[in-house]
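Next, two complexes with chain A in common: one pairs it with chain B, the other with chain C.
Right, the complex of A and B next:
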């Protein structure tokens, strides 16, 4: 086993990287083109080609350079931007507005997103119904397909969903990368428990009111997706909350702290994904034999998952989203992707290759639809 | 024990690999199966409840839905009844509604479909006020708030 890796040994040769990328190339080609590329619409064909090349170049570079996070982040941020672009352009086409009306609610036309899931569990158990005005089997953001996607992803990736699958996470991930050094360095990591309080509160209030209270009152991403038409003091107050939370937790604080503060301090689904981190086979491990306790990984972690005490004890907390930032920061390769049951410091390459293939495949296929749509929209605008 | 743990961990990781590979090709099938579960239906507080009676008029149909009092553990004290007008909506909708089908009219409603002005005239003390009155893709919908 590869248990004596040096800091650069995750790099592969060009040929080997290409070989490792082949399965991804074939599978993403099938999903992005549908197995039968259609060249009748040039902008669609070009958009598909750009997306296909983009995802595979990023995956290839993960193998070739041995680095994970920066290539993951590129696709993750593009995913977040393209999803908002797709959603907003769909809504402008359908409604001429980013806001939805009472009629859209009555006709259950609101696109469903995974953040609703924590709020629908209790009502589904007690009332045998879903407390969201969407469509169960809709072609765009149907409830059943989003639940299946999230369920499998959280089972397989645990909180890795927050860095490899969540189409909102890219927003604060992106803003957290703008500055090279944080302005605010000291933040109590006890704030990371806050999402559990939010989860408890929204689960309870949603059950009692039979409405998704997080979506109605708190969700910062309403600011970049859709929101209730402002027709009253209450709807104006809601819009104010959405914009303030987006500005504060998704833009300003990530910019000043280099941390993903919305994901760390607010997201109720992140709390559930944290719990599912106990189930997933993949984890991040600390090879204490190689660790010099420089704590660069602790500073790099955007989700407060690493502490100095944890590093000394060789433990990564359940808050880890497996983004790979800590792994890239470690020059001694002492922190690495691992598989539960396999001792730390062993099977580093195997664990990384398997995890990267699974997590990147999920992100590449999940994001490809909205990225293709965005590129097509941009190409149509240009030409 | 150590070897068993390693084998179990790797086996679980490979099961996850298979899960991800079959996830997207099988998504429609998995979603359809999930959609058939008894809890996979939209709550009546959003749908407005099942249509209890349809009255066919000259140019439009009036759907009177069952009153919705649904709460988490049972019925609430306050609820609503939704009335839908489908088809060609006149400039002025004026109808009297018997939503509990006891042969006594419960309220009269007048809607100006140009200005959305909605006037409710209750005939019994179960009727509270107009909750929602809005144009829809199929015509017009009104929710009249009720108490038990």
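Right, the complex of A and C next:
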């Protein structure tokens, strides 16, 4: 076993990496092709093939190089971009516009996203009704399927959902990687509690107004998905808020700080996922015996989950999204994926293999539909 | 109504966390169990409600006197919202904010029965940006009932925080709760800045 592994590489040989990738190859083939590859539509078949190869090459490289975040981020960012592409193209197809009207709301035609979940809980408990004007069992972004997917993911991955399952996270993750060094280096630790304040506000206001207040007034991703038709000063103000928050928290601040500021300072679902980190079996552990206290991991962490004091005490906070950036930054493998109950520094490879398989499989399956759609759309545009 | 409730709810947390530790011992001192605590807390909350009711009436009459037409009724509150909401945000981010409770003077009151009433008056009249905002809202309401409702919602929102006061000593992570409360106050400020801008622009367009 790898119980004695200390400061050694997580790299694997070509053959071993391929062997570890086989289950992923088989499962993603089934999901992407639906079990029966259809070659009647060339652009569709090509899109599926590109997605299949992309997903599996990235997973293979995770094993082959021993690096996690580098390859996770590629799929994560493509996922975010492709979701917006798919959503916008769907909106244009259905309504000829990115904005929705009051009629769309009355007909429950608004696509559901997981960020609504924190607002649904109280109204659903007290009034037995869903406050979101979407379709419960609809095939495209239906409420039931999204809630079940999120629930399973958050119970298994905890806040790992924010780095392996969220189809918005790739936006600020992407912008946080553009600069090599941050311009703004010191950010008060207190700001990481902001999502809890937002969660508190939106949960209660949604319960009182019986409407999704976060979607109505705050969500920065409205700027890249769908938004209310601008027909009044209030709707113009909303559009202004969406665009300002997107520009500030998703583009400018991540670019300047190299941190995922939207996820760290605003997202109310992130707050819930932080709490679920306490019950998930997977965690990130610090092997104090190998740690040289260089704090490269602290600087690398995009979600303020690591502090120098925490590293000295061998503790990773509940804000960790298990993205693997700190693990990639550590040359001594002193920080690693772990399983709760298993001592730090032991079963490093086993924990990593198990976590990567589950989390990457979730991301691959969850993202493949929109990535295929995006590639198909792009191929149709080009040819 | 919802905005006033949010305002009360968000600022109530910060208010409780700065004043709670001063008020708690006085509300609870010499208490003989839950009954006594409940009576003191009820008197305190009732006093607050009465003061807010009086303020709502005063604000509405002042609003009628000064906000003479529909445009002024949009533009002036719009400006006031922006200014007071700015003050509220400043309160939230100011590292040197007043950490002492304005109700500290009750330590000089000898009559114990009067303490909850004094605390209720001081707490509701502790002029802070949140109260200025709800006063502006009360003044810009069309009807007296609207003004009363706004203050009632503010009262309910802020009072929710006082209900678990007897358990205050058992809360472990006070610092984290205080931080979340302060951040929520800042968020409420942002909401009112947007409301102020909307009202101001609406007033200018209509004017």
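Note that in this section the second predicted complex is superposed on the first by the 376 of 383 C-alpha atoms of A that agree within 3 Å, B and C clash if a C-alpha of one lies under 4 Å from a C-alpha of the other, contacts with A are read in each partner's own complex, and residues count from 1 in each chain.
Note that a residue touches a chain if its C-beta (ideal position, glycine included) is under 8 Å from a C-beta of that chain, and two chains touch if they have at least 3 such contacts.
Because the structure is a prediction, the values reported are computed rather than measured.
In the superposition on chain A, contact is made by A:341 with chain B only, not with chain C.
Of the two partner chains, neither chain B nor chain C is touched by A:252. Once chain A of one complex is fitted onto chain A of the other, the partner contacts of A:280 are limited to chain B, with no touch recorded for chain C.
Of the two partners chain B and chain C, more chain A residues are in touch with B. After overlaying the two complexes on the shared chain, residue contacts for A:208 are found with chain B and with chain C alike.
When the two structures are aligned on the shared chain, A:92 is found in touch with neither chain B nor chain C. Look at A:22: by the touch rule set out above, it reaches neither chain B nor chain C. Of the two partner chains, chain B is the only one that A:156 touches; chain C does not reach it. Counting contacts by the rule stated earlier, residues 208 of chain A appear in both its interface with chain B and its interface with chain C. Partner chain A is touched in their complex by these residues of chain C: 2, 5-6, 9-10, 176, 179-181, 183-184, 186-188, 191, 194, 197-198, 201-202, 205. Those residues of chain A lying in contact with chain B across their complex are 27, 31, 101-103, 105-108, 122-137, 142-145, 147-149, 152, 155-156, 207-208, 210-211, 280-282, 339-343, 354-355, 357-358, 361-362, 365.
Of all residues in chain A, only 190-191, 193-194, 196-198, 200-201, 204-205, 208-209, 217, 233-234, 237, 241 touch chain C in the complex they form.
Residue ranges on chain B touching chain A, taken from their complex, read 2, 5-10, 12-14, 16-17, 19-21, 23-24, 27-28, 30-32, 34-35, 38-48, 70-73, 82, 132, 134-138, 141, 143.
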